[in-house]
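Pasting the structures here.
Paired with subunit B in one complex and with subunit C in the other, subunit A is shared by the two complexes that follow.
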Partner chain A sequence: MQKISPKILASALHAATKGQTATESAQTVKSFVNILVKKRMIGKSEEVIEAYRKLTLDEKGIVEAEVTTSHPLANEAEENIKKFIKKEFGAKDVEIHHKLEESLLGGMKLKVGDTIVDGTLKGRLTQLQRELTK
Partner chain B sequence: MDSFVSAFHIDLKIIIAQAINLAVVVFVLYRFAIKPLKKNLDERKVTIEKGLSDAKENAELLVASKHEHDKILSLARIEAEKIMHDVKKNAEAKRAELLESAQADAKAVAMAAKKDLEAEKHKMIHEAKKELAGLVVSATEKVLIGTVSHHIDQKLVEEAIH
Partner chain C sequence: MQKNTILEQLKEEIGNFKAENKREKVGNVIEVFDGVVRVSGLSDLKASEMVTFPNGVQGVALNLEEESVGIIVLGDYTNIREGDEVKSTGAILELPVGEGLIGRVVNALAQPIDGRGVAQTTKNYPIERVAPGVITRQSVDQPVQTGIKAIDALIPIGRGQRELIIGDRQTGKTAIAVDTILNQKGQDMICVYVAIGQKDSKVRKIETRLREGGAMDYTIIVSAGASDPAALQYIAPYAGVSIAEFFMDQGKDVLIIYDDLSKHAVAYREISLLLRRPPGREAYPGDVFYLHSRLLERACRRNSDYGGGSITALPIIETQAGDISAYIPTNVISITDGQIFLETDLFYKGIRPAVNVGNSVSRVGSSAQIKAMKKVAGTLKLDLAQFRELEAFSQFGSDLDEATKKQLERGRRAVELLKQPQYSPVPVMNQVISLYALTRGLMDDVTLDKIREFEAGLTEYAQSHAKKFLAEVREKGMWSDEGEAEIRKVIEEYKGVFLK
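Here is the complex of A and B:
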């Protein structure tokens, strides 16, 4: 039997739960889990949940962004980052996942989808190293 | 006549007999001595003449042979000179060819060596640059660790999104 991808399963669940109340949705999800068990695809549940979450975010126009800094991010800076992402990616809202990484030395590394904005000192030094090696 | 015969006591019969004897002697002499001798002499004359003719012919042949020998020798000398000239010419051409080939080989080797040297030089420069860049970056990193204040950090964040 051909395996169905988690993305397709998530799309199906998303379509099924659309416009449903919380109780109805819970019933739909329960049935969906039963199907996954029957089809022996329960092991893919995490991937399905992740795909479902992305579909929901897409539907709501929310963009996920991964922000990595060497220092804790100030609220003002976080707001500015959100504004930047909304402007650049046309998002209604932004969900920021913040990571601390001291080796970046300073600045910020932003990842939205496949786009990466590297404004870290580490990145600048790497660029400098490349230029010096040319 | 009779007085003359009687005066000199000539006997005609004896004279005739003597004449016959003389004729016989002459005939015998001619037949058995003079004729073979003449024949022999003629033969010897022919032999000598032939010998002389042969000798003359031989002398002529000798002269002709000498001329031919000289001519052949002269031709051989000319041919030898021509061969020597050709050999010398070929040797010169070969020498020039070998010299040219050797010069080309030497040039190619020199070019290859120069190219290798250039490549090695570039490689060394690149390696040195790489090492130097690594050192610069490493040193800068060490200097920057702990020296970037929160203020500078926020400024860098702002720079990244503007």
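Here is the complex of A and C:
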């Protein structure tokens, strides 16, 4: 039997619970978990939950962004970043996860999905190094 | 003073440098196997696209799957950790190529490994390239002179041909390849020797030998040694043929040797199994035939409308206990335009090169043989085949008629004449003289143990006494009645001196 990926499971669950009331969907989730146990895939539950979360975010047009900087972010900077992402990635709303990493020296790194925009001082220095040693 | 200028230059370069905030696609390493890693993300990756790892090592995407991609690492994979960031480059794997590679030993990424400094390159060529199409090709009609009598006379190779060299270990496969390279001096040929999974000591030995013979002036060695990762061994032959294509695109004739494709198939099997591709016969993946056919199809002779030039390929296959019906040997035999079959038995009988004339064929080469050679060697193959049969038959009885005895004697002389020590290629006009003497019966009264002595003496004698004939064969490859009369006279003259 071919393995079913967590993504497929999550989208199945999503389709099944669509338009259901809270009690109904609780019942659906219960039987879904039963199926997972029966198919011996309950070990994958965390991945299914993660995939489900991504799915709901996608549906609402919310984009998750990982921002890494060397210094704490000012409030207005966060707003500007949100604006930038909304424009560049066509998102309705942005959920920002902020990370501090001193080794970046300055600037910031933005990661949305698979895409990275590197505007850090460290990144630029590496670019310069590559250019000079060419 | 100098320090200042260097500083100024640096300042200027740094001043000119503009950093850009590029958008890049990245993924993260999930699993690391031996030389193969699995990476999540990288959703827009193309097949066989290049990626870079944090420590600057490159990789190539081989498997694109729903949630992850399988990547082979071209270099040191021991520093790659789970969670490392992998960047896509948007480019297909390319090699720097140029005239500067000639005389160098390079690795599978065309980086010099011979300690002779940077190689000057002019262009980048992709490693995988579609082979030239039908309309750009031309039939094979020019010879590659290997300098080995048994091959040039019986299994001739043409420019643009693919001729397999197959045999057990220690039967002289590499020796044939090296001799062929040595003999290309002054023949307007660029040679590429691709060593796949060979011992570094062997590669070094070959390099030294070629340098001594002056053959490194037109030769490039591409080496992916036995200690290099399987990924590098896998791409080495493609790298070699890309380098060859660079020279072909300039209208040159190129000879490429893959030593050997059995180890290449093994390296590819290793990668495929690590990538969890389903194993087939002998655990090789299903596309192992395509692996070699797409490589050897890039050998070709292009017609002058498309720039001319040719790539002649001599792949080598090592068999186990003479089993040519194993998977990889049968595959490569069916892809190539013929094979040179080497045998252990012959080798230990002292017949070197140990070419089994009966099992060796060249499907296109005979149309590329020069006229003079065709004339003298025409019946040799048949004679040898008949000799084999008679020899086996005559072991049972001693009462043989005169004609049979004569044929046997002639056959023995032919076998003796085709013996040749290593690293001593014979120019084609000298081959023509000795083969003429043999096939026209002029050697029949020379005793068997004196044949090689006679041949050596005759060659030397002819250098000074048959200049016209030699020049004619060398320059035009022609055969004329006057030439024949001249050489016949010379041979008889020399025989008179020799037998006295």
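Everything that follows uses one rule, which is that the second predicted complex is superposed on the first by the 134 of 134 C-alpha atoms of A that agree within 3 Å, B and C clash if a C-alpha of one lies under 4 Å from a C-alpha of the other, contacts with A are read in each partner's own complex, and residues count from 1 in each chain.
Following the convention adopted for this analysis, a residue touches a chain if its C-beta (ideal position, glycine included) is under 8 Å from a C-beta of that chain, and two chains touch if they have at least 3 such contacts.
Quantities reported herein were computed from a predicted structural model and do not represent experimental measurements.
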Checklist entry - Which partner does A:Lys7 reach: the first (subunit B), the second (subunit C), both, or neither? => result second
Item to check | Partner chain(s) touched by A:Leu128 [first = subunit B, second = subunit C, both, neither] | outcome: both
Checklist entry - When the two structures are overlaid on chain A, which partner does A:Lys54 contact: first (subunit B), second (subunit C), both, or neither? => result neither
Next on the checklist: Which partner chains sit in contact with A:His71 here, subunit B, subunit C, both or neither? Use first/second/both/neither.
Outcome noted: first
Next on the checklist: Once chain A of both complexes is superposed, is A:Gly119 in touch with subunit B (first), subunit C (second), both, or neither?
Outcome noted: both
Next on the checklist: Looking at A:Lys111, would you say it contacts subunit B, subunit C, both, or neither? Reply first, second, both or neither.
Outcome noted: second
Item to check | Broader residue contact with subunit A after superposition on the shared chain, subunit B or subunit C | outcome: B
Checklist entry - Residue overlap on subunit A between the subunit B contact set and the subunit C contact set? => result 117-119, 128, 132
Next on the checklist: Going by the contact rule set out above, which residues of subunit C touch subunit A in the complex?
Outcome noted: 10, 13-14, 17, 19, 21-27, 41-44, 66-67, 87
Checklist entry - Which part of subunit A faces subunit B closely enough to touch in the complex? => result 69-71, 73-74, 76-77, 80-81, 84, 105-108, 110, 117-122, 125-126, 128-129, 132-134
Item to check | List of subunit A residues in touch with subunit C within their complex | outcome: 5, 7, 111, 113-119, 123-124, 127-128, 131-132
Checklist entry - In their shared complex, at which residues does subunit B touch subunit A? => result 126, 129-130, 132-134, 136-137, 140-141, 144-145, 148, 150, 152-154, 156-162
